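Each of the next two complexes has chain A plus one more chain, namely chain B in the first and chain C in the second.
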Partner chain A sequence: MSITVAASSRFNWLPRFGRGPFPLYAGATIIAFWVIVALLTPWIAPYDPITQDLSQTLQPPSLAHLLGTDNFGRDVLSRIMWSSRIDLQMGIIGVVFPFMIGTIVGSLAGYFGGWVDAVFMRILDVVLAFPFLVLMLSIISILQPGLISFYIAIALVGWVSYARLIRAQVLVLKNSDFVIAGKSLGFSHLRLMFKHILPNSITASIVFSMSDVVLVVLAGSSISYLGLGVQPPTAEWGVMIAEGQNFISSAWWMTTFPGLALVLMAFGFSLLADGLGEKLGVRE
Partner chain B sequence: MTVATSMRTISGTPVLSVRDLVVGAKTPQGPRTIVDGVSFDLHQGQILGLVGESGSGKTVTCRALMRLLPATSLSIQSGSIRLIDQDIAHLPEDKMCQLRGSKIGMIFQNPTSHLDPVMRIGEQIAESIRFHENASRREAKAKAVDLLRQVGIPDPQSRVDNFPHEFSGGMRQRALIATALACNPGILVADEPTTALDVTVQAQILRLLLDLRDQRGLAMILITHDLGVVAQTCDSIAVMYGGRLAEIGPKRALLREPRHPYTARLIACQPGASTGYGLMPSIPGQPPSVNAFPSGCRFHPRCDLAIPICQQEHPPMREMAQDHFSACHRAEDVVPLRTDTDVNQARKAL
Partner chain C sequence: MHRFRFILFRPLQLIPVLFGISVITFILVRAIPGDPARILLGTKSTPEAIARIREQYGLDEPIWLQYLYFIKNLLRGEMGKSILYKSQVLHLVGDRIMPTLNLVIYSVILALVIAVPLAAIAATKRGRIADHIIRLVSTAGLGFPAFWLGIMLIILFSIKLDLLPVSGYGSSFSDQLHHLILPSLTVALALSAIIIRSLRAGMIAEAASDYVQAARAKGLPESSIFWRHVLPNSIVPTINLLAINIGWLIGGTVVIETVFSIPGIGQLLIRAIFTRDYMVVQAVSLVFAVATVAINFVSDILSVAIDPRIKL
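After this line comes the complex of A and B, so read on.
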């Protein structure tokens, strides 16, 4: 027994991967890094992300261009920095709207049940029946390629996960004792739903939204990579990877660094989701 | 029914008057009657104890009074519930919402689960004040502090910002009482308010309810299966069996001279000095199931006074003494069972 205690205390200084608050702090640090980069980019980016300099094409990483240049002579580091603004924005807007729609739909369906529930759940089944990216792509092609279409598509598709999470919680909570106590005080349905049931059921959705950010950023990049999201010459990691793939044998830095940036941001949000889930006691 | 003129112990018009209340349930086996023809009056300042075994319909009766029956399974089939001057048995839900909390309040058995775990105690009390009286945030909070003081929470000024998990069991029940009384309802329905509490706290909460009755002239319905609690607090007692009222009357008369065999046996089942360390007396047989209520008097299969008519006819409520009603064909023959020998003799006779 004493040996185990000694062993565990000796390694206490090590970050505890996978549990405890470490993932939370690590994730928060990475995301904070990207937020600071995104905010300061206009002042600290060494070059303009769009202006071409055909005398400097396909330069490997050097002191002048830390991460090299692309086929139009644009600085890869500056483009990565500028696109962090777009990718963060995609992650946030692409989660906030599905979160709100899903929460409202899930609350209504769970609380009122009956035909309200039936209608919303059948719509949800239809959305779920299609693969996520296929549905996103078809909605964006019906509209027109671009960031706004991406936001509309993600709002139309992404709400289902939140609706299901919230509905399951509301179904349990709507017959809970404190809701009955609220009814005995004469509270209206809306008040019970949004002031008592929702605060008790939203934790799981908040944790899920953090891991959802990862999916949304990746989806945004994938769709931009496919040419339906952010349009060139605007800098966006997916766009940069798409542009760089033709030069992958001669200019590896064009695809590798945007890819690493994307992975780092996704990793940050994943850690944050894990840590938050641990902290709030949610098991996914 | 003739109970209409009962409860003259406290004069004036009743604040709550229930007549022939019938609550039906939809079950997979078909419709069932859960509460059948319950009538009683409740006056200002009066505490009515509603006693009965589990499943006798006490809680359903009270949920019906609050109009809080789960709409999908239970509904009021007939009868009237007069709250002050209007019949609320079929009042529309939005009108009912205005009455709940402001005219009639309710407290529950398990205070821990009946408080919102993520909301501060003060906010929960203030919420109904703001909702019913359109008070400002500041007024409502001041009132919440005052209410916490009235229900005996020490240092209410700082306790008002606590969450429910920071309160002890007894304090949570006090807080729940404060939320129920926030908008000064004239009637408080208490569904086994002390069952989840330990005995010393139980006595404190009952004391508090009595004090509140005296201060505010509150009328109260106290559901319990503890005759000891009833004896300490109530003015009158209604005994329910199998969804029907068996007996209703003033506390003293009913406990001393029960006029229904079920009441008599129930009193004999109370642990007392005579029980010693022996086996606790019980009533032989099982309480009836809603799916198969016996014909006639629902107590007859377990009753040692049963005669053939008990199997055929449901006994009507008869006034045996002033305000004391019993639904038994042989009400005159019921003798109080006091001692072990009485109980044993009755058991042998069965």
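After this line comes the complex of A and C, so read on.
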């Protein structure tokens, strides 16, 4: 085995994975596909996702039902399409709130330092000490199973990564010339923090949020699979997989296709995160 | 001397974290609306039992005193009784810890067996087609929901090929091993996707360092450079990487225990949430959090003890 430090120049004709614009475009295409599906579903889905048709139960994939039907005779393709709306929504809301909370906490902690920083960082250590999913499940157990509880739990648990990223950047930037210049001009703390430091420190968080979408969507569908998130009969990929698990020996399509949809969406966001990180020069 | 002081004083840093964990698990149950005594005992509780639990947990006292009662009970190994199982929750956790522990251990071993060679291939064939494929597959693997992957493996190995059991645990050691192959493989595949990328990056950085250049300059064959120098030096970062991901790993086993009906702590947690058995939820989250902290602590100490290059 030989270890080459410089990348080999052979196979240049391959779309070079992890470099250049390929992952960015591929990821953006996949996500654009899901956004279009999610937006157009009410008009293009062939069947209703909830209405049962007991004469058509457990049909294998056919021309009438491209991805087969489930145990209630519902069209799997239509349910997958309706699910994309909920899973995309989970990915967006489940990232936006942690992002906002984390950004505010990280800015305050980094900018003011001292006891503010110490308090926030100890809280952060404690949240990090809990396994992510276990803490979320415990919070959901206090509230009640459902999508709203999932959003509350993810906001309470997910902010830590963003707070750490922002804080690290702010610590560096708060001593830079433009901040000192602003200070000497008498700008307020808020103005310095959010108008001057934040725009310069947020890139890493934006790149991270793309890969965080993957974690959030997987967590959301896992919790729904466990029966503690999105509730049946609503179509959601994790719910569909849980329902299909009772029929794995007779109807493989009930579990296989929703999972593939989930994988494709997650893959899109992973590629996007990779490509964006490369383009903006952020390394995780 | 520095090193000695580190090992001596590092445990002190755990105190605030452990304090925080106890506060959060304490709040967890107190945050539920309603009378805590009824919540802890379930709806069908007798007035005497309620009076007893009020006294044991100091429920009529101010909140900070209630916390001290909670800690006092905790130090005596009492975390209350399960409503569903009618026994001490810590005994329940103790009875179910082995399946979870086995699942975690087998998963880590399998993950290393899968990830280390693949990362080594990707690092040594950097920029070649093998590297591209391994990176593509591991990026795609990041998005694989573990519960779905588990079901796909069941369909393949248990239903189509009829090689392995669909679910359950088994009684004898070999039977348990047999039952845990698919669950461990599921967790290991998901974990490999996470660790391959950092492992590859670590090996590439290691391969670019001065001592590798020196080894090459003195004419050591590439294979022994890799086996004798690069690989052993990548081990400490790998241990750290596994420790950092232990929280993820525990979360993964919670879900996988449900997929494969393994009677571990994860399954206990999920059932407890459904039955509103809050004492069990509290105990399990406490145990998982303390385990996470302990594993990270041991990994810190180990890497300082093993690798003299780590700066303190």
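The rule is simple: the second predicted complex is superposed on the first by the 270 of 284 C-alpha atoms of A that agree within 3 Å, B and C clash if a C-alpha of one lies under 4 Å from a C-alpha of the other, contacts with A are read in each partner's own complex, and residues count from 1 in each chain.
Here, contacts are C-beta pairs under 8 Å (C-beta built on N, C-alpha and C of every residue); 3 or more make two chains touch, one makes a residue touch a chain.
Everything numeric here is computed off the predicted structure, so don't read it as measured data.
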Partner chain in contact with A:Pro199 - chain B first, chain C second, else both or neither: first
Partner chain in contact with A:Arg191 - chain B first, chain C second, else both or neither: first
Dominant contact partner of chain A by residue count, chain C or chain B: C
First (chain B), second (chain C), both or neither touched by A:Pro131: second
First, second, both or neither for A:Lys279, with chain B first and chain C second: neither
Partner chain(s) touched by A:Leu228 [first = chain B, second = chain C, both, neither]: second
Touching partner for A:Ala181 - first (chain B), second (chain C), both, neither: first
Overlapping contact positions on chain A, where the chain C interface meets the chain B interface: none
In the complex, chain B residues that touch chain A: 66, 68, 70, 96-102, 105-106, 108, 110, 113-119, 127-128, 131-132, 176, 179-180, 182-183
Touching residues (chain side chain A, partner chain B) in the complex: 175-178, 180-188, 191, 195-196, 199-200
Residues of chain C defined as touching chain A within the complex: 16-17, 20-21, 23-24, 28, 31-32, 120, 123-124, 126-129, 132, 135-136, 139-140, 142-149, 151-152, 154-155, 159, 204, 207-208, 212, 222-223, 225-226, 230, 246-248, 250-252, 254-255, 258-259, 269-270, 272-274, 276, 278, 281-282, 284-285, 288-289, 292-293
Complex interface listing, chain A residues touching chain C: 1-5, 7-11, 14, 16-18, 122-123, 125-126, 128-135, 137-142, 211, 214, 218, 221-222, 225-228, 238, 241, 244-245, 248-249, 252, 255-256, 258-259, 262-263, 265-267, 269-271, 274
